[in-house]
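Each chain carries a letter (A, B, C and D) given by its place in the written order, and its residues are counted from 1.
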Amino acid sequence: MTLRRLAILQWVGLMLGAWVWGAQHALGWGITEATCNSGHAAAGIDHDLWQAILAATAGALVLGGGAAAIAVLRATRETSYESAPPLGRMRFGAIAALPANVIFLMIILLDGLASIFNLACRQA
Amino acid sequence: MRRLLVLAPAVLFLSGCRRAQNSLEPRSHQSHVIANLFWWMMGGAWIGLALVVFLLLLSRARANRRGFGRDTEGLKPAERPGWYVVVGAGIAMPIVLLSTLFVIADLFVIRTTEAPAKSATRLTVQVIGHQWWWEVRYRGTDAVTANEIHIPVRTPVRLEVRSDDVIHSFWVPELNRKIDLEPGTTNAIELDADRVGRYRGQCAEFCGLQHAHMGMYVFVDSRAAFRRWLAHEAKPAAAPESALARRGARMFATGSCATCHTIHGTSATSNVGPDLTHVAGRTTLAAVTIDNDEQNLAAWIAHSQSIKPGNEMPDIELRGARLDAVVAYLRGLK
Amino acid sequence: MTDYVAGGRRLDEVPRTTEAAEALAVSRALRARLGPPAACWGMLILIASEGMLFAAFIATYYYLRFTSPEWPQDGLPAPKVLVPLILVGCLIATSVPMQLASRAARGGRLVATRLFLLAALVVQSGYFAYEVHDFQDQLRKFDIGRNAYSSIYYTLLGADHAHVALGILFNLWLLGKLARGLTTYRANATQAIAWYWHAVNLITLAVIGTLLSANV
Amino acid sequence: MAVATPPTPTAGERVDRLELMWQSRPGVLGWLTTTDHKKIGLLYFWATLVFFAAGGVEALLIRTQLSQPNEKLVSPNTYDQLFTMHGITMIFFFIIPMSTGAFGNYLIPLMIGARDMAFPRMNALSFWLFAASGIFIYTSLFLGIAPNAGWFNYVPLANRQFDTGRNIDFYSLGIIFNSISSTLTAGQFIVTIFKSRAPGMSLNRMPLFCFAYLAASLGLLFALPVLSADTILLFLDRNVGTHFFDVAHGGSALLWQHLFWFFGHPEVYILIVPAMGIATSIIPAFTQRKMVAFPLVAIAELLVVFIGFGVWAHHMFATGMPTISLVFFAAATAMVVIPSTIQVFAWCWSMVTGTARFRTPLLFIAGFIFMFVTGGLTGIMFLAIPFDQQVTDTYFVIAHFHYIIFGAAVFPLFGGMYYWFPKVTGKLYYELPGQISFWILFVGTNLLFFPMHIVGLLGMPRRVYTYSDGLGWTAYNLAETIGGYVTLVGILLLLGNLAASYFRGAPAGPDPWHGPTLEWATSSPPPDYDFPVIPKVTSAYPNWDPADRQEDRRKLAEGVLVLDEGHEQVATSPVDGLFAEIVEMPHESPWPIILALTVSLVFTMLVLQKFGVAAVMAVLCVLALLGWHSKEPQES
């Protein structure tokens, strides 16, 4: 694998999950507000369906990010995360990306589960 | 006289009654599940803390050993165990535990504490927050009271709360979690008490100078007693009986009192302050700040600003016989 | 000396950029440098913080919209669509001369830099003048204190115009500097200010888009 | 005869030239115009200590008022101003400026092998703005019209209708004023960490301290503008007649809370992350062991702030939002814990498998871990929405966040004061009093804050100026008050110890702890130019690479990377630390303090509602900026 593609994969692994979760968080919350508030946007949204689609897409993308990180890990098997850049830095980034993506995936799954399981617009 | 007989048992019961607001002494299904949730979480918390303290003590016990794990002397400590600990105890374990807690609390427990659906309960009580007292109305009746809410025992009650000025928060820990009183929107919460008694509550959202003195009592009565109370509360005020009280009534209607307070069945119909139609039937004054007896009532009328500084009611220029008259009248409003 | 390597480069390859005080030296120094100067990073910081400010205002707009039964409130007229869009188009077009100016400066071409900046400045000033005039017109129709809609409408618009005005001041200052020749410092400034304008143009697009969304 | 070729200067001569190039003006004028990150760090340190004292006095007055039921020490009005100012002071004028302004300013350039910040004059500006904003907001307290609606200042209580005085205008303007300063500091750190690292210090070789400060700075940069937006809207509502928060005219009261907590929750992580950074620098030094799972700790420090942006509504669980909205924030609240657990176990395991020397700094870090875990475990409980709704706005929450903000955010600051004291002063502190001060603080803090959990569960709401007897709160409150005074004793002992050590301490030498990072590679206190040679970096623990330090000494003799021909600093590429360019750095300048003065004039006029005059003052600011940029580096 070329160094350039490796670099791209490393940044995808490190950044994609973060962006995806950010978007899913804002959108998902926005959908609930739009569904339950008096504003126009409430018109005809099937809340649970949208949340399901959103969570599934976001989850898949985060998994993609994780896969990218793993690819970098395999490609840099014989370098240490302490060794010189760019390879050392890439391995470093890939290692760091794994827990990040796991965490983002968990949040997205819990979001989807809870927003669908709970009754729409019941006041907590 | 008959009215006195009705109220007497209640008064006797209250005199020997606890005044606490302890979230760990649940008196309703809702508070009960919340308290259970807490006890479980606290148990887990102690275990977690113990684990970390153990590691800290372990490091202290093994401190100052020569020649072990000094990167700086080329004696590299093993790397792998550290990774196992961090990934296992630092990532895997908490993810499992936290997800479990999330599912239990926010998917299942929350079903019990959520606001009830509009049609779910037969009785609906409206609570309107004011700086710094609670206005209480009973949907479908003329009953209006303040700071002392009566509900029937073992009966789900839908409480609809909103605020007339700033944000307050309705909180009676022994009966349920809290709910904010927002201006412009109506929030709801369910009260469903297990047993007869008096439960103390207090405003929980900072709402200005006298936030500290914005208490309330929830009286959980037997269903029969509640029906009697509600029926009586919905009636207009009793006519003054003694001459003194009649004089007080005139002064109330013509004086400054009527500019803020309502007494049903009289010309006083202003809604700035609490409704006084049955003020003598309440156990406390000024939102559970002082007990409702003759001296306190007189003191409150004459010096409310020194009892509850900054509250909306000014010190009234009534002294001596004139004050006694108004007090006599109000004490008659059972 | 020459055989020393630090941070992946032979030391004699590394330029002393800020010394350059004359067009040719500037272009040579900047070609030898890696990546944009700290000035541009500083500008990125400003852009990030201003971007968040507008993000907050725009979020406010939609939060108020979602929570109010009618929008615009009190039957106020929704803003006109065509003219604002054309104007924003003109403003965004100025990103081109700004970018060209930035490249010219780094290439040591002083005259070109001045001309591109001037071209951009003319359009930007025209846009600003019209918008200020239009702002006053609208205030006569309904004022900022009418309701929440009018409040957020004028706040968003006013904040955006303020940023355009600031950019115009930047360009004036820059032209003043460039009147006394080209230095690395001025080349860096041109690059950073070009970035500022790209950001302001995008922000303007977002703001106008938000305000026009009242029509749908 | 080699007369034509001048003799190459010796190392000594080169150092003399650096001295000459970098020395700053003597005396008061030198301090007013300095751009030296170390001097600015010290200015921050002293200024924030003053605010710490103010906030502490406020806290003790609050505790004394609550020591027993129906106490009448202060009036309700005074009490409201006290707890509001206590919150504002400790967050905006003590912890943030102490951890970023003081520690960050002093240490970041030393840790990355730079000679100064990327924007030295902007650095000075941010300090003077900070000082001015502090004076600005404290003026209101001395006039008796301080902010009085709590540090999160909910509307409508804070709006004109219910708060007619100037109090809240001081709040909104003071907050914006202070945000400008914090934003400058944050941007400063981000650019410095990305652009000024010594060549070769790629991201995977950057000290964890810098990761932590990068995280905190990014957090500030993206959170503060939202707070400014919120306070701007409030200022407009109160002074221009807009209706953002006015329900009667289509506004929303919850809007304030959303915007505020979008800032407010990241803020609490921003408070804690520098503390984590200090912990990750003290632990390796006192265990002589590299941090376990370095990459995970690094990413954890960034993640805790990033995910912290997604949890804000867990401060609003009782506002009656729909359950399906709340769960998004509850889920994030659950998972934001993971980065912290990663770090806790990394710290603990490093201490277990290293050779821990429990000197005072490490004691404070151990105390920090204990307090952080305690506060964290109560924090976890808030992801259970029903329980959060039961205890929110009670003393249970007060207990939770004081364990985090005092126990976890401030203890490492104390530990750091001891740890870097030899570097800053060149003297050793007294060990025994140091350890005693720790134990007093540890006991006092737990006595002060632990009973708050119980009293909260017993139903005591926060922000009550008094309470009546017979609710079962009295004994706990008394205990808390006693704990408060014990804590005071501990702090006084700590400061007294440092003061005594400053005058009588034994000389420390450059590296008393055999520390891992570059600040220990230069003399104590560091010279104005920080390092005679731009250091070579091949790992995240450069001071434990003796070969590289040898090479630095050799380079000095040969004059390689000494940069003694100008007031110069290296700039590198942001990710891999490639050597990008050599840039001339600005000298000390009067413009920062002048600009700060003009800005304070603007804010003063705004709070006096003299908007026309304020506009004129704004023109002065522009003129000051023109003066600032009148001189270019190559002209110096």
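Note that a residue touches a chain if its C-beta (ideal position, glycine included) is under 8 Å from a C-beta of that chain, and two chains touch if they have at least 3 such contacts.
The model shown is predicted, which means the values in this text are computed figures rather than measured ones.
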| item | value |
| --- | --- |
| Mutual neighbours - chains that touch chain A and chain B alike | D |
| Innermost chain, taking as reference the mean of every protein Cα atom displayed | D |
| Winner on C-beta contact pairs when B-D is weighed against A-D | B-D |
| Between chain B and chain D, centroid-to-centroid distance (C-alpha), Å | 38 |
| Gap in Å, rounded to a whole number, between the CA centres of chain D and chain C | 31 |
| Where chain B touches two or more other chains at once, by residue number | 87, 91, 95, 99, 102, 106, 110, 113-115, 187-188 |
| Junction residues of chain D, two or more chains touched | 252, 254, 296, 320, 323, 326-327, 330-331, 334-335, 338, 342, 385, 389, 576-577 |
| Multi-chain contact sites of chain A, meaning residues that touch two or more partners | 33, 99, 103, 106, 110, 114, 118-119, 122-124 |
| Touching pairs - complete list by chain label | A-B, A-C, A-D, B-D, C-D |
| Chain A-facing residues of chain C, complex | 63, 65-69, 71 |
| In the complex, chain A residues that touch chain C | 33-34, 37-41 |
| Residues of chain B touching chain A in the complex | 87, 91, 95, 99, 102-103, 106-107, 110, 113-115, 117, 187-188 |
| List of chain D residues in touch with chain C within their complex | 118-119, 122, 183, 186-187, 190-191, 194-195, 198-200, 221-226, 228-230, 232-233, 236-237, 240-244, 246, 249-252, 254-255, 258-259, 262, 534, 536, 555, 558-561, 566, 568, 570-574, 576-584, 622, 626, 629, 632-634 |
| Touching residues on chain A, where the partner in the complex is chain D | 18, 21-22, 25, 28-29, 32-33, 35-36, 47, 81-82, 84-86, 88-89, 91-93, 95-97, 99-100, 103, 106-107, 110-111, 114-115, 118-124 |
